[in-house]
Amino acid sequence: MPMNRILNERVFVLLGLFLVGAGLYASTFQQTFTAGVAAQSPVFFPRIILTLWMGLALIALVQTMQRTEANAPVASWSRLGLLIVASVIYTNVIGREGFFIPSVIFAAISLPIFGVRNPLLVALYAIAVPGALVLFFNHMLSMPLPVSRFTHLF
Amino acid sequence: MNFKAVAGIVASAFIATTAVADDAFPERPINLIAPFNAGGGTDLLLRGFAPHFAEAIGGEAFVSNMAGGSGTVAASALQGQRPDGYQLGYFSITVSTIQPQIKNVPYGVDSWTPICSVAASPTLLFTNADTPYMTAQDVVDAANANPGELVYGSSGPGAMTHLTTVAAFAGLGILDKLKHLPFQGSGPAVKELTAGTIQFFGDTEILMSRGDFRPLMVFNNERLETYPDVPTATEVGIEPPLNELYLWGGLFAPAGLEPEVTAKLEAACEAAVNSEGFQEFAANSGTVINFRGAEEFEAFFRQQYEANGALIEAAGL
Amino acid sequence: MLSALPDAIAILLTFEGLLVLVMGTVLGIVLGAMPGIGSTVAVAMVLPFTLTMGQAPAILLLLAVYAGSVYGGSIAAILINTPGTPQSAATCLDGYPMAQRGEAGLALGWATVASVIGGLVSAIVLIFAAPQLAAFALEFGPIETFALILLGMTCIVSVSTGSVIKGLLAGMIGIFLSTVGGDPIIGEMRFTFDNWQLFAGFNLLAVVIGVFALSEVLMRASAKLSQTSELIDFKGVKLPSLAMWKGRYKNLGKSVLIGNLIGVLPGTGAATAAFISYAEGRRSSPNGDKYGTGEPDGIVSSEAANNAVTGGALVPTMALGIPGDAITAVMLATLTLHGITPGPKLVEDNPTLIAAIFAGFFIINLLLLPLGILLSRVAAPILRVREAYMMTAIVLLCAVGVYFVRGNPFDLLVMGAAGVVGFILRRQGFPMAPLVIGMVLGPTLEITLRQGLILTDGNFFAFFTGHPIALVLGVTAVIALLFPFIRHQLARRQTV
């Protein structure tokens, strides 16, 4: 990452936070809420909080631009990026595809990311750990995790 | 295990579950969905009901929880499911008839195949035992004398507790002379009733008996055996449709369930409700059993949906 | 009720009674120690079993699992920086830095002793002072609660390691997240953009597990690969010696007291107590300056308070029939199921049962010490597995834990998003504890503020004029907020 006072990760994130806060604040005027004084208005409290949010984000932004601090270096952006994408997809698909199959696939991606290269170990772990969880919750406790579209067994 | 073997198992399981043969229903466990957290009143009722239901239907049944949004999250999710009879929700009056009329949820009166009703308890309006309000007339006089002084509580906007108080005070014509103070759940509200921050609260008998409270009226068609001196809402001059209010609940499947499956579920529900075990459970937990079959329950449900519209309007929701 | 104690102890000292207590505590510790799995899931897992049990064993099993899981949560918080519940979040602040220093066993030792003492004292208080404390709880109306929560909010400043501004901003994000969904006063939907899944708001646990546990996994993925888990020198709990306690008794006592009092107030909870106690410890402990860097007093502040809450929360439950928190609500429902009506006459009508519950609660807290030590020995080798296996397991367990909180797959999506956002914010030096505080306290802050405004007809100043408790708490909140700045100024003047 380039060490620039204005164009760096910290500034972007804080600017993003400020804009999100401002967008949410603006949205309180677009939605049709019942008009009411203070306690009766649904947006009374959120507006106070969002005002503080925007103010604090601006202060933090100014502070950050006055300093040159670097974030912790990332050892490998590709490994990190892959894990982030895998995590987001994984948490998204469990509801539709069940717990077992996405978990096997996630484990098979995550283990190599953290450095396990032996395919046998990866396969063994990726099947055994989610399998044990499904066996325990779905079949021993009758407290089922989501199941796939193929069968109610896993 | 090689790929072929796994594929074989997956395929056979797939065929077994999708081939719908009505005679064979149920072929796999039936999921009874409680739209609230594990350990709550609805959840425990369903957990007491499930074993007897399973026995009656000759299969397995388990309870799962899907909590949030005053029960609307579970109902919204169930509404989109395939109507195969393996997913049933236990919904109360508020989840099935109130919430869809005050929130923009994806379900409404036509989204369901009602199976059976299980329980129904009338609600009561009550006050703390140390307040000077002995009758509904005392409340009317006090509210007229000092508008804006008296406060009634609820467990949240649109909850049964809210509708009970609204039915009472709107029926008595003094709704705008009292303040409404909503809480997050019945617990904090009952605490403030004890402490005197609020003067009135409305809920079922079982909750009222938890504290030292005085009932002012009951929203039933007749007086309660346990409180023979407490007048019904009709007796204190509250007109229909605000005069009767029951916290009822029953099993619902998504709309379009095959009649054969509905009949099987209905029969199992009836057998379970009448089973000795469940009757004993209900007596212990203070549940008022009220069984209605599929057809009767559907008519009742649709009538309630209509009638509660008036209540929602009165509450300004 | 004391006269019923011998009978009650006779119930407990049967084979079945002891079995329930030991098994429940073990199960609770094991489940609580798993990252992502917290008290809620642990209780939900044993609930079906309680339905077929007798009155006393059913309640004791729930209590044992709950107390065990609260303690177990501190293990995950200290060793791998992944609290499964919000109440352990404050324990991370000093526990994890201590573990990183190579003092994992000792950090856990402090947590164990503080937990046990917090729990035991709260059990004694419960047995002897429940009616008096219940009367105290009734003094706390919406306005007093608002002032207390305001005071609680000031601890955002104390737990903001690094930048106070960023801590406050994280706190605001947390409060904002808690406002999404139905408005608590009139029921209108806010910030849901017509998505019915958002009608129920963001689930607290999904966000907490996302920003702590999942983001921790991502943090480790962004660092260099490690062949083993970082904390290989953990061999089991190492109890602090008596000499090490010197000068720390006052902090311990204060923390237990805070936990007890906050536990008594319905609707506040263990996380609030842990954070307020942590903030107070940081202000008043002689080691306050070192909070956040692996200071034992920080662990003691948090753990003694969050365990003392359990006993406190039983006070309104037993004396008034009003649940003090989520777990006591489950217990009340279980009692109802067994034909017992909770209410002001609960203790009067069922003296033996209630005495058995109180005494059982005492025994559970005694059991935490030996069982905690034993289980941590057994668990120590697990922590030596490769980081890869550990991190992958954490993600899977978090998914399981979050799913079972509400049974809603949407919460998993929230966890995933919270994990990524949490990771990005942590990289910029944002502390995550304030976000959790904001989300925990936000709903109560809003509803009590608006309730207060309804009661006073919109006059905010009437909050403090007619309510002496609120006035005291409010003034304390202002002082607490300004204290760091005052101290900073004083220190500067002295050096000049």
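Note that the chains are named A, B and C in the order they appear, and that numbering of residues resets to 1 at the start of each chain.
By definition in this document, a residue touches a chain if its C-beta (ideal position, glycine included) is under 8 Å from a C-beta of that chain, and two chains touch if they have at least 3 such contacts.
Computed from a predicted model, the values in this text were never measured in an experiment.
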Taking the touch definition from the header, please name the shape of the chain graph: line, ring, star, complete or other. complete
Looking at B-C and A-B, which pair shares more C-beta contacts? B-C
From the C-alpha centre of chain A to that of chain C, how far is it in Å? 23
Could you put a whole-Å number on the gap between the CA centroids of chain B and chain C? 32
Find the geometric centre of each of chain A and chain B from their Cα atoms only, then give the gap between the two centres in Å, rounded to an integer. 35
Pull out every residue in chain A that's touching 2 or more other chains. 142-143
List, in ascending order, every residue of chain B touching at least 2 other chains. 64
Give the residues of chain C touching no fewer than two other chains, as numbers and ranges. 44, 48, 183, 185-186, 410, 451, 454
Can you list the residues on chain B that touch chain A in the complex? 10, 13-14, 16-17, 28-29, 31, 60, 62, 64, 86
Within the complex, chain C is touched by chain A residues 9-10, 13-14, 17, 24, 27-28, 31, 33-34, 36-40, 42-46, 49-50, 52-53, 56-57, 59-60, 63, 69, 71-72, 74-75, 79-80, 83-84, 87-88, 90-92, 94-96, 99, 103, 106-107, 110-111, 113-116, 125, 129-130, 133, 137, 141-143, 145-146
Flag every residue of chain C that touches chain B in the complex, lowest number first. 43-44, 47-48, 51, 137-139, 141-142, 181-187, 189, 194, 196-197, 199-201, 203, 266-267, 316, 320-323, 326, 329-330, 333-334, 336-339, 341-344, 406-408, 410, 443-444, 447, 451, 454-455, 457
Which of the residues in chain A end up touching chain B in this complex? 142-144, 150-153
Which of the residues in chain C come into contact with chain A in the complex? 44-45, 48, 163, 165-166, 168-169, 172-173, 175-176, 179, 183, 185-186, 188, 190-191, 214, 217-218, 220-225, 227, 386-389, 391-393, 395-396, 399-400, 403-404, 409-410, 412-413, 415-417, 419-420, 423-425, 427-429, 442, 446, 449-451, 453-454, 458
